[in-house]
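The same chain A turns up in both complexes below, where it pairs with chain B and then with chain C.
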Partner chain A sequence: MQVTFKVYRKDPEKDGKPGRSNYTVDVPDGATVLESLFKIRDEIDSSLAFRCSCLRGHCGDCMVRVNGSSRLTCTAKVTAYTQKGPEISLDPLRNVSVIKDLVYDWDAFMWNKIGTVKPWLEASDATADAENVIADAQMKDLRKVMSCYQCGMCDEGCTILPVDIDFVGPAALTKAYRFVFDPRNQNAKEQLKTVEGPKGIWDCVHCYEADEHCPRGIEPTKRIIALRDEAYRVGITNEKVARHHKSFAASVTESGWVDEGRLAIESEGLTNVSGLMKLLPTAAKALMRGKAPIPYVHAKRPGAEQIKKIIEKGEAENK
Partner chain B sequence: MQDFDVVVIGGGASGLRAAIAAKRAGASVALIAKNHPLRSNSALAQGGINAPLGKDDSPELFVEDTLAAGDGLCERSVVQSFAQEAAKEVIWLERMGVPFNRDKDGRIDRRAFGSNRRNRSCYADDRTGHMVLTVLYEQFQRLAIPSFDEWFVTSLALDGETCVGATALGLRAGKIDGFAARAVILATGGFMRMYSPSTVSIGTTGDGQALAYQSGARLTDMEMVQFHPTVFPKGQGLLITEATLGGGAQIVNQQGAAIPIDKGSPRGKLSLAIAQATQNGDGAAFLDLKPMGKEKILSFFPQTHELVKSVAGLDSTKDLIPIRPIAHRPMGGIETKASGETSIAGLFAVGECASNGLNGAGRLAGNTLTESVVFGKKVGEAAAVYVKSAAKKNFPAAKLADEEKKLAALTSGDSAQDSLVKVQAELGRLMSEKVGLVRDGGGLQQALGGIKELQARHRKIKVRNAGRIYNYELTTHLELGSMLAVAEVVARSAQARTESRGAHNRQDFPATDNLNWQSHTIAKLAQGSAQIEKKPVAN
Partner chain C sequence: MKYAFYPGCVSKGGCPELYPSSVKVADKLNIEIEEMKDVACTGAGVLPQYLSDPINARTLAKAEKMGLPMMTICSTCQGVLAQANYRLTSDAEYRTKINREYLADEGLEYKGTTEVKHMLWVLFEDYGIDNLKTLIRKPLKGLKVSPFYGCFLRRPAEAITPTKESNARKSYLDQIIGIMGAELADISGKGKCCGFPILSANEENSLAMVAKHTGESKQNGANCMVTPCPLCHLNLDGNQARAGAQAGKEIDLPILHLPQFVGMALGFSPEEMSVKRHIVSTSAVEKIVDMLT
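Coming up: the complex of A and B.
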């Protein structure tokens, strides 16, 4: 069947400006997008650049956007994308900087970020007589997390990265989870600290796009939340976040719902004058748009007593 | 110009293990890889990594099973050394973080695999290669070893008869640079992309073997090509781990009747049996996972289930999966000692690109990952020792300029009305048909003629795209050159061995000839062709 691929182009050895090339090729019905790309490169345009390695969905290298959604080209069947017509668009991922055509900078996108979480077990290199003895139940979930093949889909779908490209991202945080929760890790606390800093776990807004995107069901968002719980358990080092959590829990426990005004002030800290000053424009806007009640009174809600009981029961169970 | 004690070429399991070992032994080390290491072919390994950890097992039994699979061509001392170290290395991997499946006592579990007569294949789901590669890369990063990812090595540099480094093209910046080294370790993997179909990644193109061979190093047992028995053959093909057989899966015909095959045979015999059964009128062969039960399939073979769905469009818990024996990995390669030394001073080789006598005429299933780490460590350490006493040599001054000229020549002039893809496709067909599972003298002669023609066609093809940044047309041209050079050696070696042994099946010489042929074939480049000699198995 004939299909037209509209492919993003950029040539750093020419003008380096983004463009698009349209290629019409004849491909067999069972062809994948990757096989079509090979055909284009062979028959039409040998300058087209795209990555691939294992050809079979094992390694994560060939991720691009097919009709706007991130996908491995080696397992993407052309017919799945030609339901509405014989045109398929191919683009690099979002949240990346493109080097050439569909080849983008993986270092900046993901490898460097993973590098910041100290991605290795600080195990002793001394020769051991035997393995660590561990129940398989403890290894099973670890194998799930480690089935991650760094395809980048979670980082690609992340809603924070377009706003703050320095956020370390779900891929790196999932890698951090792998170490923090490996029972053989002597260094878990240190590795948790590296992701507790700025641009780490606290910058995730749990939009769950990462979980929606992950092709292996690893649930990066769930892992990030688990890292937060762990940080809370061992003592959160990020003071603003700690204050925020404390204030949130306090107003919900006391009144059954969050006191946003109190939350904003207590998160910044009552003595943090510059932080508090930064809140003023937001406060003013809120007042002008009718988002803050005048006078500002935070009343106890009906059901507050039940909510308090739930929280107290939950805390008791956690101990 | 870069300068290191040890330069490792190839970022898969063997290369990473060698780099780690060389660094820990005190050498300055750099890794050059044409891909990111995590995209290496090692990630495709699934079934397991052998170690004699079971109470019912021993290094001696492990030696016997390895020798049996090697069908008389293994070097016993190398096999013994390997079997002694295997348990230590697998335990090291576990301690460094590989999440092996556990038995009920919490120890590393071991399963049945291929012709191992004891359960000794340690595994992590059916993603053992991915897990081992992942942990090796973690430990590699721990040592902060400089990694030149997406650098394509274009040549080895020699000072007289000694290897003094390499030149490589950085795909990202599009520039060539020189890497001076006192020791170069080739860990570039196999060459199965010269067969179509094959089970391997696109970059498995024999670059290391070609580099070594063209620099005058000896290759050995190149005719020994292992076919994997259970591969879904359509499209790019999908290898389904033989561990499924050990777990209860059956090989059946279209009617679902079991094909009479001993599932515990070595791969060579199993592949032949399946090929013969399908020719004899059993029709196509299929892998039936249903006897394992859905729960066991999803629990122990989750990636198999996932990829059978996305690549083959089948449900492994319900459907029969068509299979055929497909070209998988070589036993032969660059001739090395157990230390990894090749016939060129300063040049080492390890892993699938090398042949040190471990695998003989047939590799025991589950030994490849073990080989990567056992010999990765030995060779890395040997290289680090070597550099301490190696004399300082000179990186040839004109080398970089020469490489520039060579690449420029590739892009100059008009291209013949021919295509790299067509040449590769024809090579793939030729090798599968004439140098495949079963060979004969006439077919091998045709293969050699065909390869020579394809080499001539390849020389005439120009790279149309003159750019240097991520120019995959250029790298494809170079890789095809590697495959064509190595294919000639494979075909010539197959022609030379006038007997059948292990993976090498000659229809015209069906018997195993221990009188004349308990020997390795040794290939060397001389007067533009592969010259083959025999070297008796030492022990």
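Coming up: the complex of A and C.
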């Protein structure tokens, strides 16, 4: 079958400007996109740069966007992308800086970020020189996370990275989970702090895009949520977030439901004058348009007492 | 057709226009609703799961006792309830533990039979589009509308329920725009996050997301956007001016709640759908709708 590959090109040794090259090749039935790239490089254009390593969907090295969606080229069959016509576009990921053609900067994209979460185990001194034996069942949950082959698909799907390239991202946060929740870790609380600051767990919008993108079913979003719940349990150290969570929990505990007026003010902090000032234009408009009752009231729900009991019990049991 | 109606906090708080417009539309369609008044906030993804699962189990148990499926009008309520429901129904041991530790005190028990549906899903799956079409009095010709779903009407998979409808559910909002006689102004970010969850943790990123989505919508020729999620509305409408200022552009895109949009096609005036309560002026939409006969 004749297929035209429209491939993103960029060569820093020439003008460094992004462009596109079209290559038409004859590919056999069942060929993968990666096999097509080999064919293009061997037969048409030896200057085309792309990455690959394991050739069997285990390492993640060959990930690019195939017709706009991130895919491992070594497992992506050509025929899966030619249903609308014999043309396939190949591009680097969105949230990366490109070195050449389909080769992008993995250090900036992921490795440096994984480095920031201190991805190692800090066991106790007593076991430092000995074997640290652990029951198999205790590793069940972590084993799933450890099956991550760091392909970066979750970071590619992330909603935050396109607006903030410095966000640590789901791949690195999932790595943090793997160590924070390791039963052998003697320093979990400190490790949790490495991802509690700006650009860490609280910058995630828990939109579940990462989970949809993960080819291994590791569910990075749920791992980030677990890290946040753990931070809540042991005491959030990020001040802004702590204020917001405290106010939210207090209003649900006291009245059964969220008091948004109170939440907006308490999240900024009662002594934060500039923070409170910036709320004013919207607050004034809201009052003018009848969005909030005057005088402002937030009534207790029926059932609030029972809700309070449940929350207080939950807090106590998870201390 | 009757539902245990879960209006959520925002439809009675930050978006008080949502509650009355939802009730009016349900009434017009003869969808009977019995409001759940003595139940808690879902936790909205802010409260940790160990607190939100018990309070949501209580809500689900109350609906079960009423013998009714639940109807929500908020993507976030829908998602948080559905995720809790998934954990409680798929893991009997967990459900028993929650029942014993948190619900027994009040004489409640959740057996795991409550179905939770967003109003958008109710319209397609229970009410039926053919029925809905017969009630359209004012096809919304002239409105060019971008859909904005709210994450939790798209993901995670288990909260959209792994049924044959699960993929269809991802296009209901696109579909309803055309069904109501308006024109679709599609955007690539329709299923993405609006940025609201990080408004207090990282306002700059949150506002950048508002500017991105509303800006794209404007660029694609929309004169308004419709959303089934009031939390998205709070950010896309309430913070749009600040988002525009941060991005250095004026956006000025009216954001409609789903029931307001449907309601206007059913013959309610924009005024009756309380659009004047929004932060971004809806006058451009009102002008178009008022001219329709």
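Everything that follows uses one rule, which is that the second predicted complex is superposed on the first by the 263 of 319 C-alpha atoms of A that agree within 3 Å, B and C clash if a C-alpha of one lies under 4 Å from a C-alpha of the other, contacts with A are read in each partner's own complex, and residues count from 1 in each chain.
In this section, a contact is a pair of C-beta atoms (placed from the backbone, for glycine too) under 8 Å apart; a residue touches a chain by one contact, two chains touch by 3 or more.
Just so we're clear, the structure is a prediction, and the values are computed from it rather than from any experiment.
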Query raised in the report: Who does A:T32 touch here: chain B (first), chain C (second), both, or neither?
Result: first
Report task. Mind working out whether A:G115 is in touch with chain B, chain C, both or neither, as first, second, both or neither? Result -> first
Report task. Look at A:G57 in the shared chain and tell me whether it touches chain B only, chain C only, both, or neither; answer first, second, both or neither. Result -> first
Requested in this report: Scan A:R228 for contacts with chain B and chain C and give back first, second, both or neither.
Outcome: second
Query raised in the report: Regarding the shared-chain residue A:K6, is it in contact with chain B (first), chain C (second), both, or neither?
Result: neither
Requested in this report: Return first, second, both or neither, reflecting whether A:V252 touches chain B, chain C, both chains, or no partner chain.
Outcome: second
Query raised in the report: In the superposed arrangement, which partner chain does A:R262 touch: chain B (first), chain C (second), both, or neither?
Result: neither
Query - Complex interface listing, chain A residues touching chain B - result: 11-13, 30, 32, 35, 38, 41-43, 46-47, 49-50, 52-61, 74-75, 99-101, 103, 106, 111, 115, 119-125, 127-136, 139, 142-143, 146-147, 149-150, 182, 184-185, 216
Report task. Spell out the residues on chain C that touch chain A in their complex, using ranges where they run on. Result -> 9-10, 12-17, 37-41, 43-51, 54-55, 58, 101-102, 105-106, 151, 154-157, 192-193, 195-198, 200-202, 204-205, 208-209, 212, 238-239, 241-242, 276-279
Requested in this report: Please name which positions on chain A make contact with chain C in the complex.
Outcome: 159-160, 162-164, 167, 198, 202-209, 211-212, 219, 221-222, 225, 228-229, 232-233, 238, 240-241, 243-245, 248-249, 252, 256-261, 267-268, 278, 281-282, 285-286, 289-292, 298, 301-303, 306-307, 309-311, 313-315, 317-318
Requested in this report: Report the residues of chain B in contact with chain A in the complex, numbered from low to high.
Outcome: 24, 35-36, 38-41, 43-44, 88, 90-92, 94-97, 99-103, 105-109, 124-125, 127, 130-131, 134-135, 138-139, 141-142, 172, 174, 201-203, 234-238, 302-303, 306-307, 310-311, 419-422, 463-465, 467-473
